[in-house]
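Heads up, there are several structures right after this.
Next, two complexes with subunit A in common: one pairs it with subunit B, the other with subunit C.
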Partner chain A sequence: MMKKNEMITPMQLAFILYPTVMATGFLALPSLAASYAPYDFWMIGLVVLGTGILSVAAATSLHARFPRMTVVECSERILGKALGKIIGMLYFLNLVHVTGVVSREYAEFVKNNFLIKTPMMLVIVLMLLLVSNAVRGGVSVIAKSALIFTTCFVFPLIFLLLLLPDLEWGNVLPFMSHGIVPVLKASAVPQSWVSELFLINFFLPYVSDSKAGMKWGYIALSAVSVSMVLINLIVLLVLGLDTSNKAYPILVAFRYISIGGFFENLEALLLVMWVAGNFVKLTVFLYATVTAFSQCFGVTDFRTVVLPIAVLASVFSIWDLPNFSVMQQLLVKVGTFETPLFMNVIPLLLLLVAWLTGRKSADDGGVGG
Partner chain B sequence: MNMIRLVHAVSAVLVLTMTTGCWDRDELNDLALVTALALDQGKNNDIVTTIQFLLPRSQSGVGGTGGGGGGGGGMNKETAVRTASGVNVADALSKLQRRMPRKLFWGQCKIFIFGEELAHKGIQESLDLLSRHPQPRERSFVFVSAGKASDNLELFPPLERTSAEALRKLSEMDIGYKLTLQQLNSKLVDDSEALAIPYIHVLKKSKAAAPGQTIPYVYGSAVMKGDRMIGVMSEKVTRGMMWLNDDIGDYTITFWMDGRSQGAISLRPIVAHIKTTPLIQGDQWMIKVKVNVEGDMLQNGTAYNPVDPQLLAKMDKAFEKDVRDRIELTVQQAQHKFNADIFDFAKAFHRKYPKQWEKEKGNWDKRFPQVKVTMDITAHILRSGLILAPDGMPHDEVIP
Partner chain C sequence: MRTRYKPTASASRVPRNRRELTEEEKQELVLSLADNVQRLQALYSNCSDVIVRRFAIGGVTDAALVYIDGLIDTDKADRYIVTPLMDADGPKELNLIRLAEQRISVSDMKAVATIGDCISAISNGQPVLLRDQEASGLAFGLPSWEKRAIEEPEAESTIRGPREGFTETLRVNTSMLRRIIKSPLMKLEKIVIGEYTQTNVVLVYIEGLADTALLQEARTRLEGIRIDGILESGYIEEMIEDNPRSPFPQLLNTERPDVVCAALLEGRIAILTEGTPHALIAPISLFSLLQSPEDYYQRFWPSTLIRWLRYIFAFISLVLPSFYVAVTSYHQEMVPGALLSSMATSREPVPFPALFEALLMEVTFEALREAGVRLPKQVGAAVSIVGALVVGQAAVQAGLVSAPMVIVVAITGIASFMLPRYIAGIAIRMLRFPLIFLGGTLGLLGIMMGIILIVLHLCRLQSFGMPYLQSITTMQRSDIKDIVMRAPWWALDIRPQLNSKPQTKREAPNQMPDNQ
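What follows is the complex of A and B.
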């Protein structure tokens, strides 16, 4: 297994989690959401807080009950070996699938807007190669690279403030003219992304102070919520009703920045954000996938399976996804339910069973602890 | 261990070389920098596209010696145009590309011009390409041209490098009406479904200038209902629309005292605060316009001495009347001549009265001409400039 002396600080946890949700989310989010609530979609950043709290709470209470264990390990404790292995396998399948889809989302944007002639597979494979290298380094490498890349990811967002002269504040009106229902509908997809905060569970065993880890988990959640509101608001105030028709509204917002006629073409910054953010996101997902696999099947050194699983993920990135619109459909119609199932529902059910049966890791002779 | 290092080194080199994006490299020598695109209606429902592209510096000098006619010395032609037609814009552009030895590059293209005839037929289909293609910028300016759009491209401005650059700079000066591609897109899907696009003409060249040595300039606007042009608004009416939309920038206002009998007064700069408030009373839909405008005197053609508070008040009154007349004229034309809600009153009502709006949405064409516009205008002249009484006028002729 992993070197147990590897440790990450609770703050690094927040740096890992923030792009895990935001990296793909911020790009497609406004247009998906705007199609349901064209004037009110900026509010979904607040609505998703519910799912986020549920995810972080589930992850941290599972960890509190079974210290130094991931959800895959403790499902075996809670449900017994056979059922636990099945759950572990399901986690592996879900995570490898999501890793594939995320790398596809990453490559779609790059190919659509920047590297038009480059084969998409090359974009996917190169990223996954880099990501597998980072994952092989273990959690501390992931955490340290997240410190650098998450900063690269957040910094360009500041440039969106240069759009202040172009903001049309009236665009937020009419306020909730159709009640709260459209806003809730609009947050269906984003909340599934926010539920990915549950992946904190895979890193908690390496956090020196798990109380502080929980705190930083919630800090990451608040940062996600604030950035979602900010990004959606800026997009709404610049594009108005046209938001829902843009494949990447935030790209248009960045392209729209123009200060004094020479400070423009800032979409290159967006590409920096996109690559940096998705790198972190993919390392987190690939790491979780590899961990789920090796814990489920008792692999002694997880490094041996990193590359094969990355190859598997690259297969999932093209399998059954013939075009952009099918990918969007997958995110909306499948992702909305698939991700919260694994990130909210199963963990909560596990907690419930553990609570009913009174199982704790201490019952089995204080493993880990 | 050495094996692993080798693998690491190879993958690092691979990643580094591939991520430079060399697959998609574009050398400047292989690109034609498009500065403007003109779209016209062709025969058999075809679209005629005309592009203006930059000539590299070394080549433009050669063109200059040949192109110099007239009295004003040689003219430096820094641009050339090329035309092709097709069933739609994309088709026409692909045919155009076959007549260009270099790849068209749109990143610098900031001007899109629709010919009048095409604008009458509808611009939505052509607009689709401009927004869908990743290269054209959302902040480009959009115009409708009097006559053929392509005529605006084969001009060689004396001051700027290209006629496209001249148009862009004119628009960015913030004195006239301007519209970006993104604003056009947003307005097309907005509640009112009507808008105005800046209308450009070719400026008549001065006598000594070489043929084509002039620029296109914005004068008035094309009124669009949906994506179709239905008429032309004069510059004065367009200004009135800018007043109502609170879009007044750097701008000189000139008005007559007492209906032309006393001479004209000009003010600049003026600062205007305009607020429009929708109001529904029973079946009466109203827009209350509150204008608060101040300006400094630039020229005084009357015999009035602006130092005298009573005379100044009279001038303020004339100023106020002028602003009122401008807005009234525009509202009158929009409501009754065009029946096009270019002020986006529809959006204002939607924002304040979402429920009533939902009911009246389909009926807006009938409702809009009946919207009552009331005005509350306060206008003040703040300063008289460097002199007090009208310049060069004998003291006894100045009205005190």
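What follows is the complex of A and C.
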């Protein structure tokens, strides 16, 4: 591309981050959460705010302490070369793993609901090819396409309003009959999704104004929280106790829409949402993966490693995941701990060490954490 | 991105792009008239249209007028050059310029010193006067050749708005621009391109509004063109595009002086080419292709609504056939029951799969349209009748294609006619075919993949360094209000953001009329 120093606007950052959480979240989370708190799972959108704030705060304060550096680069600064490289490598492994799992989630939905006879691998490979194409374009292409596809992703949600006549408001009752604990349990999985907002850290170096970047990070978080509450509420009000039995409650809700006997079967919209949202999400993850790899191993032009890493991700998408329910188990049992470990715990520890040792960016020491 | 556009590379390049002058052309004129005339005649050997008129100034000094028949106004040349000189009886030692100043009443006059100058003057319709014992000549601006009258631009007709279009004559075109923008800040830089055609190309811009970096880039790109001839602005367009392989045009071509002036006022640049009524405008964004000049002449409500209609139909013309193929092949469950049964009934006798049916119909439609453009106007009606009967009625009755498919193709066709820019329509028409394939092989997912690929391409595309999707990806309020709607003129107070130049105001504050 023409310019070396590509820049993105702070607002584009929000458009990148929103689908990073919601693209798979809006479809998978309601049923995962509903099994823990069948009446109260709509509240998880509020509970996860805590994790979200932690993620965005960790990402932005790391960036403020080490401007123009990603977590991979500054871990080397904080912990020294050897330990830092190990942390960077771990990030790479985690991210490539998550990229693989996300593309599997994406492909499962497409295969199970739309293209039943198409081989899963084809769906995954086609998507990863597109995603690699976008990543090779650099941050600015990612940001621009995110702006367009996030709009495509959010827009169909408006059609959920057509469900208003079908809402059964009694479904929210009994309210908190077992106290707050089931809600907290239910939000264990969603909070791992929300913690992915930490990936803002990989884009902050390209944001022209990092203060505004932080602001838009929080705006994205609030948008995520609000839409989680709304989506879960609609699902609950339409499906009630049945939610946890459905793999994709939103799909069922969309099928429910019927206006005038003609305006119905709007799953096509859901497919548009799903592909557009997951495209952005996978772009973000693949970009973060590629950045982690090239910064850890000192690759000068990250474009050269995009395709190989995409191939690696496609391996992770089928490796040890024989079917949908195993994948769900992975998301619940492993993802709940794996993602927050990398998106919350390690960054916070890094910050702590940096604060204790007083290390800051060498070239720009004036900015405090 | 090709390296030859990098600004750094331009410094080392030869600035002019005229062809290398030959040895004869570099020669200076000499004192002897016979020698000069002989050398010109040698260059113009076997050129039956070149005329050398010898005469004597004041009946004493030998002189010659050299010109190309048909390019100059011979009547005026006789009356204002030859006659006064032959009648001259002043002192013989006056040099040619002094003599001309006293005797010749032609306003456009310049001295020529080399054979090359003579040739370029002669071929531009300027008769060259040579005198014995004088090592320079004079060229007079008396060009006059047959030209087309100013007519209404046919490809870009509007209901409201000026009705004159560019012609093939560069000077007429520039005069139309100058009549609209009278400020001397509108500059017209001449560049000659084409080894044999020596075509005059004019780079038009408004000083202070056009970004200097953009101008420099445009000059560099234009001067980099080395080609034997330029017959149409299309030659130039393809030689200076940012991404030469893209299906989307990166320069806008227009026949309308008002469109060019609107672009100039927004800080864009225009390229006018001798011999074609099509001017080029750069930089443009995707939305420039979806805007009609009339949008700005009508009141803002109809303009806004029509703009929306246009966006919707642009999208329809891109995806409708592929969507139909995808739905009938893979996602029948999405069609409402009643519609599905009527579709199934009409598809039942059709022997082809939907993908093949769609391709067949689309290709036929494109062929019909192309035939309609190429045929003489009188035959056009016959083609449309045959097309309507054969492709529409008979094919459906014979059970070759289904009626819904004909409807889909027809709507797609109408949708693509709605685009105000022919070139934008072509891009969409081309992309429709791969999308039909994707829709026929991967269903809706395939179409989404195709659209993602197109959007990614658009995200990368640039027009003279300006991102093709600039206005929507930066979400600037000033740009958005000319895209999502056509804001009223009193609200369009800021020029659009082009390249990196800061935006400037185009209106005084508070132009909104008071609400009575």
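Keep this in mind: the second predicted complex is superposed on the first by the 358 of 369 C-alpha atoms of A that agree within 3 Å, B and C clash if a C-alpha of one lies under 4 Å from a C-alpha of the other, contacts with A are read in each partner's own complex, and residues count from 1 in each chain.
The rule we apply is simple: a residue touches a chain if its C-beta (ideal position, glycine included) is under 8 Å from a C-beta of that chain, and two chains touch if they have at least 3 such contacts.
As the structure is a prediction and not an experimental result, all values here were calculated from the model.
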| item | value |
| --- | --- |
| Partner chain(s) touched by A:144 [first = subunit B, second = subunit C, both, neither] | second |
| First (subunit B), second (subunit C), both or neither touched by A:264 | both |
| Touched partner set for A:115, first subunit B, second subunit C, both or neither | both |
| Touching partner for A:252 - first (subunit B), second (subunit C), both, neither | first |
| Partner chain(s) touched by A:130 [first = subunit B, second = subunit C, both, neither] | both |
| First (subunit B), second (subunit C), both or neither touched by A:215 | neither |
| Touched partner set for A:242, first subunit B, second subunit C, both or neither | first |
| Common ground on subunit A, meaning residues reached by subunit C in one complex and by subunit B in the other | 114-115, 118, 126, 130, 133, 261, 264-265 |
| Complex contact set, residues of subunit B against subunit A | 8, 11, 14-15, 18-19, 21, 23-24, 107, 134, 137-139, 172, 182, 185-186, 189-190, 347, 350-352, 354-355, 358 |
| Residue ranges of subunit A touching subunit C (in the complex, touch as defined) | 1-2, 9, 11-12, 110, 114-115, 118, 123, 126-127, 130, 133-134, 137, 140-141, 143-145, 147-149, 261-262, 264-265, 267-268, 271-272, 275-276, 279 |
| Partner subunit A, residues of subunit C touching it in the complex | 1, 327, 330-331, 333-336, 338-339, 442-445, 448-449, 452-453, 455-456, 459-460, 462, 465, 467, 469, 472-475 |
| Residue ranges of subunit A in contact with subunit B within the complex | 112-119, 122, 126, 129-130, 133, 170, 173-174, 177, 238-242, 245, 252, 255-256, 258, 261, 264-265 |
